[in-house]
Each structure stands twice: as C-alpha cells, then as structure tokens.
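Once you've had a glance at the structure underneath, I'll fire off some questions.
Here the chain labels run A, B, C and D in written order, and each chain numbers its own residues starting at 1.
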Amino acid sequence: MPAQSIAYSTTDKIVVRGKDLVDELIGHVDFTSMICLHLRGEMPTPGQRAVVDSVLVALMEHGLTPSSLTARLIYSSAPEAVQGAVAAGLLGAGGHFLGSTENAGRLLREGAVALDQGTAVEDFATAAVARHLAARLPFPGFGHHIHRPDDPRAPRLLTVARENGVAAVHVEVLEAIGVAMDKAKGRHVTVNATGAVAAVLLDAGFPWNSLRGFSLIARAAGLVGHVLEEAERPVDRAIWDAAEERIPYDGPRTAG
Amino acid sequence: MPAQSIAYSTTDKIVVRGKDLVDELIGHVDFTSMICLHLRGEMPTPGQRAVVDSVLVALMEHGLTPSSLTARLIYSSAPEAVQGAVAAGLLGAGGHFLGSTENAGRLLREGAVALDQGTAVEDFATAAVARHLAARLPFPGFGHHIHRPDDPRAPRLLTVARENGVAAVHVEVLEAIGVAMDKAKGRHVTVNATGAVAAVLLDAGFPWNSLRGFSLIARAAGLVGHVLEEAERPVDRAIWDAAEERIPYDGPRTAG
Amino acid sequence: MPAQSIAYSTTDKIVVRGKDLVDELIGHVDFTSMICLHLRGEMPTPGQRAVVDSVLVALMEHGLTPSSLTARLIYSSAPEAVQGAVAAGLLGAGGHFLGSTENAGRLLREGAVALDQGTAVEDFATAAVARHLAARLPFPGFGHHIHRPDDPRAPRLLTVARENGVAAVHVEVLEAIGVAMDKAKGRHVTVNATGAVAAVLLDAGFPWNSLRGFSLIARAAGLVGHVLEEAERPVDRAIWDAAEERIPYDGPRTAG
Amino acid sequence: MPAQSIAYSTTDKIVVRGKDLVDELIGHVDFTSMICLHLRGEMPTPGQRAVVDSVLVALMEHGLTPSSLTARLIYSSAPEAVQGAVAAGLLGAGGHFLGSTENAGRLLREGAVALDQGTAVEDFATAAVARHLAARLPFPGFGHHIHRPDDPRAPRLLTVARENGVAAVHVEVLEAIGVAMDKAKGRHVTVNATGAVAAVLLDAGFPWNSLRGFSLIARAAGLVGHVLEEAERPVDRAIWDAAEERIPYDGPRTAG
C-alpha cells in the first residue's frame, strides 16, 4: 500500500513528522534541527546538531564554480524565474563532485562493518588502500585539485565532531585510511571536505544515501546568494565574453 | 568592471564574505547565521536569527504538493541523479506560489515608505485594500485554499518576530491591512504564511527580492526528505496510476 | 471534468492525436509534421511544414551562449545525467531571450486584429512605433546586439514563408512596423530572428503562446550537440578558469 | 587547447558545422537533417534521415507518464516559466527509462565487434543471453510493462530501417538476441522500443552515447504539447487530489 510519513495538513493544522508545525516547531526549533527531524524522523542531539551545522556551513560556498557560474548565467537569461537559476546550479551537484561523498560514505560503512566483525582498523585501511591502488581507482574522500597539502575544511570538521562527542567509528576508519594512504603513496594526500563530511554525518547517524542531500541543501543557499549578487552586479556578459575568447571555433569554415 | 564579493579561495584557505571559513565559520556559526551572512554580507542579531529560523522552519514542508510529487516522480525515473529530482521540484516554486511573497513584500515596502512620509497606517491600509478590490486583483499575502479561517503559521510567525524584538513597520502595515481587509469584505480573511513571511523578513532587514530565496532554501531541504522516503517506499507508480484513472483521454479515437 | 486529448495506449497500440502511432505515424510522417500534429492536433500543409522546418533550423544553434555554456558546465559536473545538462541549458531560454518572441507575437496579433477591423497597416505600424518610443519600451522583434545592420536570419525566414505561400497578415504587419520604425528612428533597425519567427509561425496558424515552445524544441537539439562535443573535448575547465580571471573578488579580505 | 567546432557567428553571418545558416540551411534542409548535421557534423543520407524521423516520431509521446505529469504540475505552479516545465519533465528522462537505450546500445556494439572478429551471430546472442540470465540482470532492450506480447513500435522501426536500406549488423544482432532469448526463456519476450531505437540509430551511424539525446529531443517536443494543453485545460489539481487520496499519511500523529 502506498503511503508517506512526512506530513499532512488539515484546515487548522500542519503536522510534520508527528509534530505540530505551529505549536512545536516554528519558533521552537532552529532550521538545522528541523532538517534533521525531516530527514530521519527524530530531533538531533545537541552534538549532532553542531556537526550538521558545521557540515552545512562548510558546503555552502566555494566561490565561482560550475554551479555558481551556471546560476548566474541562467538568472541573467531568465530573471523572471529565480527558481530556474537555483535549479540549474543544483544540477551541477552531480557525480563528479558529489558522487565522491557517497563513495566515501560506502567505504566508511564497509570499514565500520569490518571493525564490528573484529577486523583491526589498520588492517582494513591498508587493504582498502592496496585494493584501490591496484585497480588504479580514485580514492573517494582524498585529494583536492586546489587545496594542498591539506583541504583546510577536513581537519576542522573532524575537530568539531570530536569536540561534540560525535566522532566515532567512521572518523576512526577515515583517519586510519589517511595514515595507510600516506604510507602507500610515500607522500601526504589530503583528506578532502567530502571525505570528512561523509565520516562525521555517518557518525551523527545519517544513512550514506542522504549525504548528497546535505550538499544540495547547503548549495541551494549559496546559489541564492550568487543570484542576489547577479541581480545587483551582473557578470553574465563577462563569463560569456571570456568563454568566447578562450574557446575558439576550430571546425570547418565556409568559402565566403 | 565585473567582480564578485562573495568568496575566494587559495591553496590553504577559503574566505566567504570576508570571514575565514575554517577559523571563523565552521563550528563557530550555525547554518541559519551562515545563510544570513551569505545573503547580505553580515551576521544576524540573535533576534534576526530567530526570525529567519522560524521562516525556514515554516516553509520547509507542506505534505504532498506539486513540488514534492514532482521530486518523487523524477527521482523514481532517474534515481542516479538525486540533484535532478530536487531541481525539478524547486522549479515548481514559481509565480503561482511564490510570486505572492514578492508581491506582498512590495506592498509592505510601499506601506513602510508611506508611513515614513507621514501617512497614517490605517489610511494606507484602507486605500490599498480599496485599490485592489476595485481592480479585482488578488490581494498578496491574504487568503488560503486549505487553511480557514486562519493559516495557523501566520500569527505564529508574527508572534516570534514580536517576542524577538524584530517586528516593526512591515508587521504593523500587514496587520493594518488585515483589519482594513476584514472591514471592506465584511468577513474575516486570513493573513497567509507568505504574507507573514514577507513582513517578518523585511523587518529583519532582508530586501524584498530575496524573499523567494528563503522558500527555495527551505523547500530544497523538504524535497531531500521526500526523495529519501521515495527511495525507501516509492509512490511514483501510485501517482501515475491515479493520474491515468482520474484524467481520461477524450480526444479522437482511431477507427481500429 | 479533467481530461486530456493528446495520447493513450493499450497493450497493443499507442494513439497520438487520434492517429495510430505505428500504422499511421512511424515511417509515414517526418518529425516536423509530427511536432505540428502534436502541438495543434492536425497535420501541417506542405507550406506550413516548410516554414516550421525553417524556424526550427534557424533557432537550433547560435554558438557559445549562456545556454550552451551552461549545458557544458553541468555535463562535465554530472556526466551521469545528460538530461540534467540539457534541462539546465533550457532553463536559460527565458524572458530575456524568448520573452521577446512572445511579446512580438502579441503585437503582431494585435495588428492582425486591427487590420481585420479596417485599420490601414501603415497606421497601425506608425501608432505602435510611436507608442513604444514614447514609453521608451524596447520594441519586441527588432534590434540585435551582434547582427548589424541586419540579422541575416530574419529576411531569409520571411522569404521562405513567402515562397511557400504561408506569408500573410502577420508578416505584412511586421514589415510595416519595420518601415515605420526606420522612419521614426531616422536609421535602419533590423528585424531580428525572433520577430520573424513570430510572424511566420502565426501565419502558419500557431497560437502566440506556442512560440516559446519552438525555441525549446530547437534548442534541446542544439544542446544535445554541445553535450556530445563536451564529452569528447571538454571546455568546462576553460570556462571556469576564464571566469575566475575575468571576475575578481572585490569584497572584504581577512586579516591573515 | 580548448576549442569547439559547432558554430560561430559574425555581424553578418552564422556558421553551423561549416555551413552558412542562412545560405545553406534555413529553407534548404529539414529539421531532422539539421539535427543529424549538428550531432555528427555531416548531413544524413535519405535513408538515414528516414530512420531518424521514425525514431523521433516513435519517442515523442506516450501519454501521461512521469515526465508529462511533471511538466504539467510545474507549468501550473510556475506558468511564467514554460522553460521550467519542459526542463523538469526532461529530468525524468533518466536511467530508469533511458539508461536502457544506452545499455542496449553497448551490447549491440559489443555484438557488432564480435561479428567483425568472426564470431557467428547466433553464438554471440546465445552467450549474451546466457550471461545475463546467469547474473539475473535485466536484459536491455527487451520486455515492456504495458505492451505485451509485443511493443508495436519495435517491429515497425526495424521495418523502416530495412525498407530504407539502413538496417545492418546492429539490427542483425538484436534479432538474433531475440531468437536466443525466446529459446532460453521458453516464451516470447518482446523487443521494446528502446532496443529497436538503439539498433537502428547505430546502423544509421550514430555513436552509442548519442542515443539518450534523441529521446531528449523528441520528448522536449512532446512536453511542449502537454504544457500547451495544460494552459488550456489544467489537470494539475486533479493529479494533486488523486495523489493525496491514493497516498495516505501513515506516520505518527500529534496528541491534539
């Protein structure tokens, strides 16, 4: 039987996840707690809330990226539809950037299960690294094309999780993989933000398939900011001109 | 000269709105404060933050609506691309639902300017109501197709704004319009959530053209929740079947 | 009673607009005729089909534009979801570019009605131009930021419509407005592609609110081409780098 | 060096794939030929054009599906942005429906290569079927949830390809797989439209990664038709109501 357990409304009330929106939620809980309640049906502990806040703050903004450039181009082309600009930008939150979070999440879950079955964390980490290097697979959650030697967001997120008593087995597995990775490579490879995000959200009790959702929520906010600035100080023409200059036509030409 | 003032990053740091993401934001501020910082370049007061929290909590979820039905249909059609499902749902956050917020915002701004120039609030309200009724225009921020006699979210949002010392001229104008409206109509017409959202966000210092953005941020979170439930308990087939039964084909038929 | 008249299917057939898809359409009609059938319920005349072909060919491609840049940025960010890249690009087909087609369509319809009621075409044209100039409104269907003195697509579209016996009152009104415009401005202003598209599609019997749809269909095809090239020879990084260089950060900096 | 070979424009001309848009394309070629030119840089033969027409006609419309329901829901929520409704509908053209085309395309390519290397077509087909059945994998291009025993579009598409001299090795492989499948299953399994589309487009010379693009182009046209009907006879409320009735809330309730 099809059914849903998120919300219902009547003429005089709205109920979300079993709580009265007006009497129990608006003015009673913050947005981050409401997100936690919506996504998994229960309120967060103070520590979990702090971790989710840190993740959403970390993921909101990274300057001019494909997503924010897209939101600005689309806003200036169709200013009557702000929702189109934000939606277009979110469509860039795909496999290339966010698949990595989910893959990291799956690997950390695998490690947590292995530890639970008695495997030592160093053994799991060493084997996982060896397996990926042998298959020449990119290692989810490690490396960054700008931030070197370290993605500064990653240690900060792990610290927040630790200080709030949330860091547990998934953070432990992530850090063990980091040690094993540096040893196998003979040089330091940074844990990146998506690796740290995966570890702290799993330790905060969220399932691995919800990880991409946090990026979408945080980025939606960042894209709204870009659209508001684009409305005041448009750069669409600059993007367009720069692209035309940088990317010449090299196909066949006409006789004329 | 084209430029942007939102964020930049170097190999070892990310700066958003002039603040170091790692040293000043992650683990130091909550998501709602970060949204305020991003959208207008400065941190909120505690009262402003409480108002923004109440707005985002109020707008996140309203059950099975065109937006959430869309997100579920698209997720089940293209489960490899969660971002597509959330983006598709956000595309429903358009003129029909959210235009109303912006129109309400513009009217409240107009009232605030009039009061500033010496007009009595009752006079502005009476004239505004008369003008809309004469032109048979829908009155932005008033009326709701489900919630009668009152949209329960509206008074709650106004109370939160008042208790946090944020309610000011825009709330005053909204309430005066409510009184004038009931008098002109000879019956009670509810202030709806979008009317109250417009008033409290304007009083919290946000510009009218940012109002739609708050709905998009809040709805992005709600849609992620619907997608996660759709992954566990799909209802796409139920929507599809119900639509096919309810909406028969009444065009020409073939001879065969 | 809700109903639809587009299509239905049974276990052994699919019927679109009253025609059996397999026995009457696949292999029997070309794509352009099928589009006409779908959009207004009847097959085009050969002349109408030629005009629709010319419009779709004219609108498909215009090099690196906000739409095609967007499709390429999104494809490279989320290559698992080609549909997301095409959808994102289409979101740029909004008011700024296509609103113009609909506004031109409305004006031409207004002219056709006036002629039908006995107004001379020159009088309508002169008055329409005077009205827009007085209000300092942009004139829909005229002017182009690249193509000067003439958008070469416009006269070609009008010629195709004339040669195929489709050109009628809407083309007549458009050309009279062109004459009146040049006279009022004291210099030549080009009829642009969207003006010509509006005139010939209206003369081919399509309603003004369908005009934007033709751009969406044609652009969908063009965007698929850009995505396929992006898959072979990605330029997303070049767009990103060029934008970062051209659009510096000019906001506050941190002390560090 | 980043570059593109699709199109460029100057003040007085637009060149697409080396051809002058005005002098060689508008009014000279039909939309389907233009699509072929855009997607692979050369004009189709008459037979190839006929096959592409048949594919685009076959894929345009299938009644009320997740895509068309979505386009209608979004249009009625945001009627100011037709592009948003079409984009949202296209986002449903994902892995669940179209992944199948690409998977079928890959398998048929594999078969073509095997035949080229001397494998008998029956041997390839028998082995491919055995492999999928052993792995309990769905067989791409076969089976349909509505059309039984046969998807009527599939044989028609193959006939068109044969009559136009386009059918070649990929159609041969598809048909051999059909025979092997029926034998292995002990019952008839239909070749579906996506299987036939993959075979005839590959035989027409298109690469397997372009297959999804044809669905997007055809569906864009179909979705425009649904949006136009939705503007005249809205069914969004019927979809919404039907979904609410069919999908009850079964989560926790409040005490009140």
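Basically, a residue touches a chain if its C-beta (ideal position, glycine included) is under 8 Å from a C-beta of that chain, and two chains touch if they have at least 3 such contacts.
From a predicted model like this one, the values you see are computed outputs, not experimental measurements.
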Shortest path length from subunit B to subunit C (each step joins two touching chains): 1
Number of steps on the shortest touching-chain route linking subunit A and subunit C: 1
Type of subunit A:subunit B copy interface by residue overlap (half), same or different: same
Whole-Å gap between the CA centroids of subunit B and subunit D: 37
For subunit C paired with subunit D, centre-to-centre distance based on mean C-alpha positions, whole Å: 24
Centroid spacing, where centroids are CA-atom means, of subunit A and subunit D in whole angstrom: 32
Multi-chain contact residues (two or more partners), subunit D: 2-8, 13, 63-64, 78, 80-81, 83-84, 87-88, 91-94, 235, 238, 246-247, 249
Graph class of chain-chain contacts, one of line, ring, star, complete, other: complete
Contacting residues of subunit C [partner subunit B, same complex]: 2-8, 13, 15, 17-20, 23-24, 41, 78, 80-81, 83-84, 87, 246-254, 256
Interfacial residue positions of subunit B with respect to subunit D in the complex: 63-67, 69-70, 73-74, 76-81, 84-85, 87-88, 91-97, 99, 235-236, 238-247, 249
Of all residues in subunit B, those that touch subunit A in their complex: 2-9, 11-14, 16, 21-22, 25-27, 29-32, 34-35, 38-39, 50, 52-54, 56-58, 60-64, 68, 81-84, 86-88, 90-94, 98, 146-148, 150, 152-153, 156-157, 159-160, 163, 207, 209-210, 212-214, 216-218, 220-222, 224-229, 231, 233-235, 237-238
